[in-house]
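Just so it is clear, A, B and C label the chains in written order, and each chain counts residues from 1 on its own.
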Amino acid sequence: MNPLKVGLLTLAAFASIVVMSLKITTNKSGFGEYTTYKTVLKDASGIFEKSSIKVAGINAGRIKSIELNGADGALITFEMLEGIKLTNNSRLKIKSVGFLGDKYLDIILGDQNADRLKPESFVMAEGGAGFEELTKDAGEVLKEVKEIAKTIKESLRDEQGRNMMKEIIANIHEMTGSLKRLSTGNEDKINQIVDEVKAISEQLAFETDRYQKDSLMSDLSKIGPILDKADAAVGDLKIIIADLKDGKGTVGKLLRDDAVVDQVSQTLSSVNRLVNRINNIEADIGLSTGANTRSGTDTRFDLDIYPAPERFFRLGIVTNEFGPQSESESDTYTSVNGGPESKKSVRTVDYSDFKFNFQIGRRIQRFGLRAGLIESTGGVGLDYFLPDWGIRTGIEMFDYQKDAGPNLRLMTEVKLWNVLFARVAGEDLISKDGSQSATISLGLRFSDQDLAALIGIFAR
Amino acid sequence: MKSQVEKKIENLGTGVLDMLNGLGTFTNYTSRTIFWTFKPPYRFKLLFDQIYFIGNKSIFIIFLTSSFTGAVFAFQIYVGMKVINADSFIGPITMIAMSKELAPVLSGLVVAGRCGAAMAAQIGTMKVTEQIDALEVMGINSYQYLAVPRIVGATIALPMLSAIFLLIGYGGAWLIGVKVIQIDEIVFSSKISDFMDLGMVAEGIIKATVFGYLIGIIGTYHGFAVQGGAEGVGKGTNMSVVWGMITVLVVDFFLTSFLTKIL
Amino acid sequence: MSEYSIEFKNLVKKFGESTVLNDVSFGIHKDKITTVLGFSGAGKTTLMKHILGLTMPTSGDVTVLGTTINQIDELALREFRRNFGMVFQYAALFDFLTSFENVAFPLREFTKMTEEEIKVKVMGLLKSVGISEEAAFKLPSELSGGMRKRVGLARGLALDPHIMLYDEPTSGLDPITTHMVYDLMKSTHYDNIEHGFTSVIISHDIHATLKYSDYIVFMEQGRVVEHLDVETFKKSENPVIRRFLEL
């Protein structure tokens, strides 16, 4: 029995060690590969070997060694987790934990797009903001306060000084009274002003921090080389302006010669008119694909160009397995053993893979009338638009054949959502050979505004 | 006729010689036990019996000691830290003190008092009733049979007790810190991991191991050194406890300075 | 081949300034019961410790069964001690083991006997010394003085020793129990004499000694005064012995 109980004790002891170890190692930089770097600090007091190094308050490394580096200060060798990328912009600062002033090193990573620092490289260190600094500053402030107090004391020694003090106090009293009256009832406005000032100061702080990406100062720091180039450009510009003043070159003539200026002005007007006209042209693109109940797939592309609101041209390509076809008949004559010839006729029908639309149309209110090539055959079409409902319905007649008659198509297109539409069409509705069928398609239709928006996105 | 001064000097000299003699005997005893530890037969049953006696049987008192120590220490730290508004440091300060000092030392003192005394009493009684002679006559080395399992058992059991002490002490500190003083639980735990590292826990475990060994050696030594009857057993038991506790406290000092450098 | 199983040659033992054994030279006869008599402080127990090698002489030699005890190393001595069985003054039973476990102890330590075999032998030994089955599973603290001595005797016999030592075996016992123990010692001696068995008794009890012993060694102040067979001892004119005999 004893070995079992001893085993339980051992288990309890191991569990205790594991639990405490886990408690201790949360927030630690943990296991992993480390990279060694160095830095030099003017004052490393409060920093010890194995002190933590934090990034954004999270433990990310530790100090390996601290050595004296001659007159420069203390050479700190530290290691950071591999996953932390230090760059030339990274900075190291001593910070304090709480009031008791326990110190640690804090790293600001800087611009992560820059190249990674090589191992054993130096990281720039900045002065700390620990409590030593604070107390040092406080000491200086206190010194000044002491001097001020001394001055005040001396000034209060005589009657004149005291009277002046009384006056000052009275004025301050009046001023605070006015301030109080002002602030009473205006708290909201004052709070708003304070918030705005805070936002402005934060923004200012950001903009003036040259290590912050996209800040004004960081951008300004890039201006140096640009300024040099600008300087050279200004020199060249001076020369050019001198020539212009003398009427040299085309531009010079333009500036000095009135006749040339008139001609240019006329040309610009014509161009302007042309551009305006082009700007007024609208387009509409439709692309759909579907299936026919008899013949398989039906894919269409149509481009409607509106040079004016009432006129349009339609260009398009269609692929399907019905509709216009070309027929050819070939006769074959054969004779057997020099006997009478027999004739064998073979009729071949080719369905074209690609068919083209080219129509001219006119819009009259909600109706659209068009005529021209419909699926590579002549035809006419009539459409009716219900834009509020997103519906267009139409009828086409084309592909007249001697024995089959024309193909009468009735179609309805419904806008489903945004640019998505569905179309249902009945084909060959008046066919005598019973080849009526239906086509159901889904497609995208882009209006002129849609196209403008798309082009704008792509241009960006 | 010797004068008072001469007698005093003589007594002092005798005392020093006795102490040196005792130290020599102790060293000789220690070396013999180390020798017999590694000589077969290895008596694992006796070893488990001793670990059970020193470890399992001490759990209750360790539980009491550690839970109250953790709670009281946390409370006292709170009283001090409140003055400077740093009561969130209760967790780390308590746990650092527990892991590095309180767990090994208090466990050592408990085991020295409880088990060191028992070892000296058991072996001393066997000595005065000739049971040790009976073992020797049978050809069994009494150090190997009696001392080694106790020494090794204490060396193994004390670090385990220290680890359990640490965990229960943490529980006591947590109870006071989080539930009574109402420190935020996350703050309590996160500050612990900010200021502690595994080296501190290791330091406590190493100390406990050394203390366990010393308590075993001292307890068994005083058992074997018993002379006379019941009175001798009583004296031996008393010496075992006193020297065990003193040794734990003194060695703690030297171990702390040594381990702080290497861990 | 020596007639003695144990021989002392010029044995001297000093503890600091005090000389406990002073040039002791004699031999203990093989296969005989020899009693060492003497007043308290005569050096009897110290002499016995020399036989076992528990104490080493200041000078001189102790030879047991042809082996000089004070010249062999500790490990060899421990092995050699299996030739001995001993009954201590107060039995020296292990108080954390029952009677059965006490007797089984040396068998478990030094033999490869199975538990069943050990049980058979131990119960046989306990029966031979008059310990009931019920008493076999009691702790020593639950037994009487006489019972403890008998269990001690059974333990001493467990490893079939060649030399049995008794250190004041009847100390503290009533006369009836004393004689019972002596009867047991004598019967044990003669039961085991076939493979060589020497009994050495340290005692103060002159009457039992004269009744049960073959030889008597009389010691006084660390010296052997007389080493005689019982009959010759009874007729000794030595004034110290005469005083002892008249007690």
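Assume contacts are C-beta pairs under 8 Å (C-beta built on N, C-alpha and C of every residue); 3 or more make two chains touch, one makes a residue touch a chain.
Predicted model, so just to flag it, every value in this text is computed and none were measured.
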Practice problem: Could you tell me which chain's Cα centre is nearest to the average position of every protein Cα atom shown? | Solution: B
Quiz item: So which chain is farthest from chain A, going by the mean of the CA atoms in each chain?
Solution: C
Self-check item: Approximate Å spacing (C-alpha centroids) for the pair chain A, chain B
Solution: 68
Quiz item: Which integer distance in Å separates the CA centroid of chain A from that of chain C?
Solution: 105
Practice problem: Compute the distance, rounded to whole Å, between the mean C-alpha positions of chain B and chain C. | Solution: 42
Self-check item: Sites on chain B touched by chain A in the complex
Solution: 45, 48-49, 51-52, 55-56, 59, 84-86, 89, 99, 157, 159-161, 163-164, 166-167, 170, 189-190, 192-198, 200-201, 205
Quiz item: Of all residues in chain B, which touch chain C in the complex?
Solution: 125-126, 129-131, 133-134, 136-141
Quiz prompt | Residue ranges of chain C in contact with chain B within the complex | solution = 52, 54, 78-82, 84, 86, 88-90, 92-95, 105-106, 109-110, 159
Quiz item: Within the complex, which stretch of chain A touches chain B?
Solution: 2-3, 5-6, 8-10, 12-17, 19-21, 23-28, 50, 52, 59, 97-100, 102
